[in-house]
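Each structure below is given as structure tokens.
Two complexes, one shared chain (chain A), two partners (chain B, chain C).
Let's look at the complex of A and B:
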């Protein structure tokens, strides 16, 4: 056996990382984000089981778990498979999409307050989704309409504040203005249509997992399937966005291309999630914060953000379903009650 | 900053020079703008009397105003449209002046009661009062004003914290967060209590429809108080624009003035919210236009805010009646559509004007 040279990669792997190699292939993984992802995954699993168990008909954990795979009494299986499981999946998918989009947008703008909800993308998507439901002459699927609304809102918010990139707080307030415009547009449409159409569009105005439709959920699943790998692949480029453009370019990143892909990814994920659950923008603020806290690393915690968002969404929906039991609190309201004080706290605390 | 307005006696011999300076700075004298603003306010009042959702057209309404016309037309114009117009005028003036005062106190051109959660505080207070079993009529005004006061105090305390002071725009973010919290809590309260929800549902969206004059009468004392306090405040506030040290050098008490001004804002916005529900962006757009027309001195701004506020609110109300003839649009939607571009314009301005 030869003595390992100081340059042997096995020995020079930095502390706090996991090193995996096989022949010419090798992979360096940071330990802290992996640990965070593990913790979040476990918590998500527990929350999911709880979400299957609790409701107007309480079940034991094992019964719920079995019923999810089709074993047990017929009624139990029906409740779990037809009612709770789709809702749980919708919660996980929308939470992950919102939170990932939020993390991407925050990284892009270099500002932890710059979530799609705050800069008006949610409202734009909502306005257009509502337009498709109440039938304003255009008949496209809600996800497509939501996407076009989100794109328009993004173009307005960024265009009015002068391009993609760090714009500080001014850009956020331009976004608030754009969001207010689209919110007014939504109300305008709801006021013009019949009460039935307005009721069917109501979930989109507050954010609820109650009235998700299967097609939109499929679209969201597709968006996540494509979006998450792209985001993870972008991760390294996103890390360099914190530096100046010159440094990032010097490190070999095509800065403007990374920005553009990030922006598109964020917009598409937000739009797909809004088409399912309506504007629950606070998830995009809270999810990445939890992920950042847990992974304790300066990088961009993409995977952990997605998991944390899913966890938060599932918990918020669970709370909304069970707290005032016969009544159901829409998840958007739960998230606003939880998230807004947190947003205030961030704003007042950090003298950036 | 516009220079202090010279007194009329001094200005008259030098009227020409004064006009020249106003031209140079692109601003007009109050005397030049005020008649036009009043005219536009009168015209919108007239429009508000003439047009409506019902069968009574402009011509019939004109006949009623001339003292003729059928009983039905008389009823529609005098009993339905006239009180509505009156309430709209008062609400418009209150919101505009509240916005102007708040902007001076916060030293921030974006400080708008609707955006910063003051109106949301008022409607939250009313929702909680209904939840606790109070009756809807009569109590609204006081409750709404105390809620508005709480919202004001919160927002103003954020202004004083280090974070919001550096960048005027941060205040708006904090306000947006506060408002979304209060709106969510309001809808939560409405979810819990169905009776409250039925009583308040028409009210939380902001509209002038179906408001009675009794509500206006019950808020009159507080409005009078607010007017008196504003008259007392005008001079110290315009001194405070020059900085707190200058103001105290001129013999004013900045802290006391600020407290009274916050109280006035709460009185005005609370009463306006109790009358018409939350109506955003009037307090942003109107003072912005007023300042653009005749300079930043708060005394001139306040005077100009009166007719301009009436104009904005009533024109929004008339449009809200005419767009979807049988039903009506929420008033807040139209004021948002008019005011949000102003917000974007202010933010876009390269040098954010600090008051």
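Let's look at the complex of A and C:
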């Protein structure tokens, strides 16, 4: 029996992949998205430390790190543990959820502009969350209200466009209309309630990590804990969705089921994130784009998208907290300022 | 027109029909009706069609635009649920199989294939192994071998690490055929496999298709727009008009000036190709001109 040489083409992993085998189990992973996720994780760690260090009271990296685990002076520990750390965690969780939801929706519609924010899901969730805050209609907790709004907005966009269709254009246009409707609804509610009630709903209308609600954050954590593994498990099916439906079906993929689960996942993640931070939908556009660029457009970079979203959100919040200190710019506004030129660039650059 | 077809002895009792009676066809349509749209807007495209696709041969489905060729192919590939009747795969209703089981028996190359950014030839061909893989059994040495073989058969090995987006139409089509081959299916369904290709690449793809049937025993069903290419490269022709099969059999026997007139409304003469003996269309012109000419 001849022994295969280590350079035997049948035993070495295909170009650009990592091949792991153990008995009957085997994984074949594209190297580029993994590398991108690694780089983004490192950058996120650095941004996180910076976010714990910087603020009205500046700290050294080591002090900030120790204080996060409850060591050091009382005042330092209080600032880091009670103020900066929860805010950092909220930024990471919302950024990851928005961006992962964006990547899922873009893959589903086959269109990089089709993010939940543009399709009106953010606005639907916001309108309902604001309704609960200003005490209009049934007062459920913000996450539940946000989810109801997100589901209704999606159902409307879907129903009006008659499905996603080829390259998602009808869906996009219907979604933009639905989003505008919900946006107007939010403004109308704010105009009709007392100034105090309107004030308390303000963070939800611009997007801010300042007025987080602990319950909402718990729900978001739960959504991510369940959503990320489901998304990774869907990954192989999502990869075939990048081709046409007929190709995916011909390969034995249950295309409609994969699409339905992907859509639900995207809606739930977006709603949970809106309940915490308001409509910072721009993250869903910028995060996946960074992930795709870093992973050289290989596969559907789900993990890298989530990490890129978290990184962008943490950096945007850090900038909002420190640039005009002691005044604070809500993270939604920072994202809009950074994200809008970027959106224009996508629209204006020549197609390949 | 249908009475005329009924009276045409060649359409009714072609050698292919005898062949179909003698051997079993792995893929058959049995009184199949296919359509789309709901209620008032409903359109029946294929009406009660019965057809056997001979094993190990190249079958070309020909007919004018809108005759239901592509819809029939979609029905045969389990992409569309029949309104009545059934597609039988190995004698069993194709919708009684799981998607994955069908994908292990039938490979489909649709007319429109989208090549996403960043996908290389090798990556594309790897997708052909997906019907045999699971979430935790993603890649085996067998997969590796079969992908290499499929790329060799489609003569695309030298471009393994090139991105699809950067290749010519002919190269890309060979890559897609390699993906279908990696599926290791006895049946291969192709929807206008050469529609976007220049003459040189057309010949390349048709010769590959012929080789796959005649040397590897695959059953190939292709929708072809060009009757001349169908005559040249197919063993069996299925001529469709308005959702019905109006003739089927070997090209030399079924392709007649009458059939061409019925299908496309043009006049022509047919001569046997001096090299291959398959029919060649010459002197093609519009029917109306000829009719007005004969009236005077």
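General observations
Definition applied: the second predicted complex is superposed on the first by the 330 of 352 C-alpha atoms of A that agree within 3 Å, B and C clash if a C-alpha of one lies under 4 Å from a C-alpha of the other, contacts with A are read in each partner's own complex, and residues count from 1 in each chain.
The definition used in the following text is that contacts are C-beta pairs under 8 Å (C-beta built on N, C-alpha and C of every residue); 3 or more make two chains touch, one makes a residue touch a chain.
Owing to the predicted nature of the structure, the values given are computational and were not obtained by experimental measurement.
Annotation for the three-chain superposition on chain A: chain B and chain C fit side by side. Once the two complexes are laid over each other on the shared chain, residue contacts for A:24 go to chain C alone; chain B is not touched.
In the superposition on chain A, A:327 makes contact with chain B only, not with chain C. Shared-chain residue A:244: touches chain C; no touch with chain B. Contact with chain C, but none with chain B, is seen for A:253 once the two complexes are overlaid on the shared chain. With both structures placed on the common chain, the touch criterion links A:194 to neither chain B nor chain C.
For the combined arrangement built by superposing the two complexes, chain A sits at the apex of an angle of 90 degrees to chain B and chain C, based on C-alpha centres and given in steps of 10.
Least inter-chain distance for chain B and chain C in the combined superposition, rounded to the nearest angstrom, is 15, based on C-alpha atoms. Once the two complexes are overlaid on chain A, the chain A residues touched by chain B in the first and by chain C in the second are 352. For chain A in complex with chain C, the residues that touch the partner chain are 9-11, 14-16, 19, 21, 24-28, 110, 233, 236, 239-240, 242-244, 246-247, 249-254, 296-299, 352. Chain B meets chain A in the complex at residues 110, 115, 158, 161-164, 166-167, 169-170, 172-174, 176-178, 180-181, 183-185, 187-188, 191-192, 205, 280-281, 323-324, 327-330, 332-334, 336-337, 340-341, 343-344, 347-348, 352.
Within the complex formed with chain B, the residues of chain A that make contact are 113, 118, 160-161, 168-170, 172-174, 176-178, 180-181, 183-185, 187-188, 191-192, 206, 324, 327, 329, 332-333, 336-337, 340-341, 343-344, 347-352. Those residues of chain C that touch chain A in the shared complex are 74, 77-79, 98-104, 106-110, 112-120, 122-123, 126-128, 130-131, 133, 135-141, 144-145, 147-148, 160-161, 165, 183.
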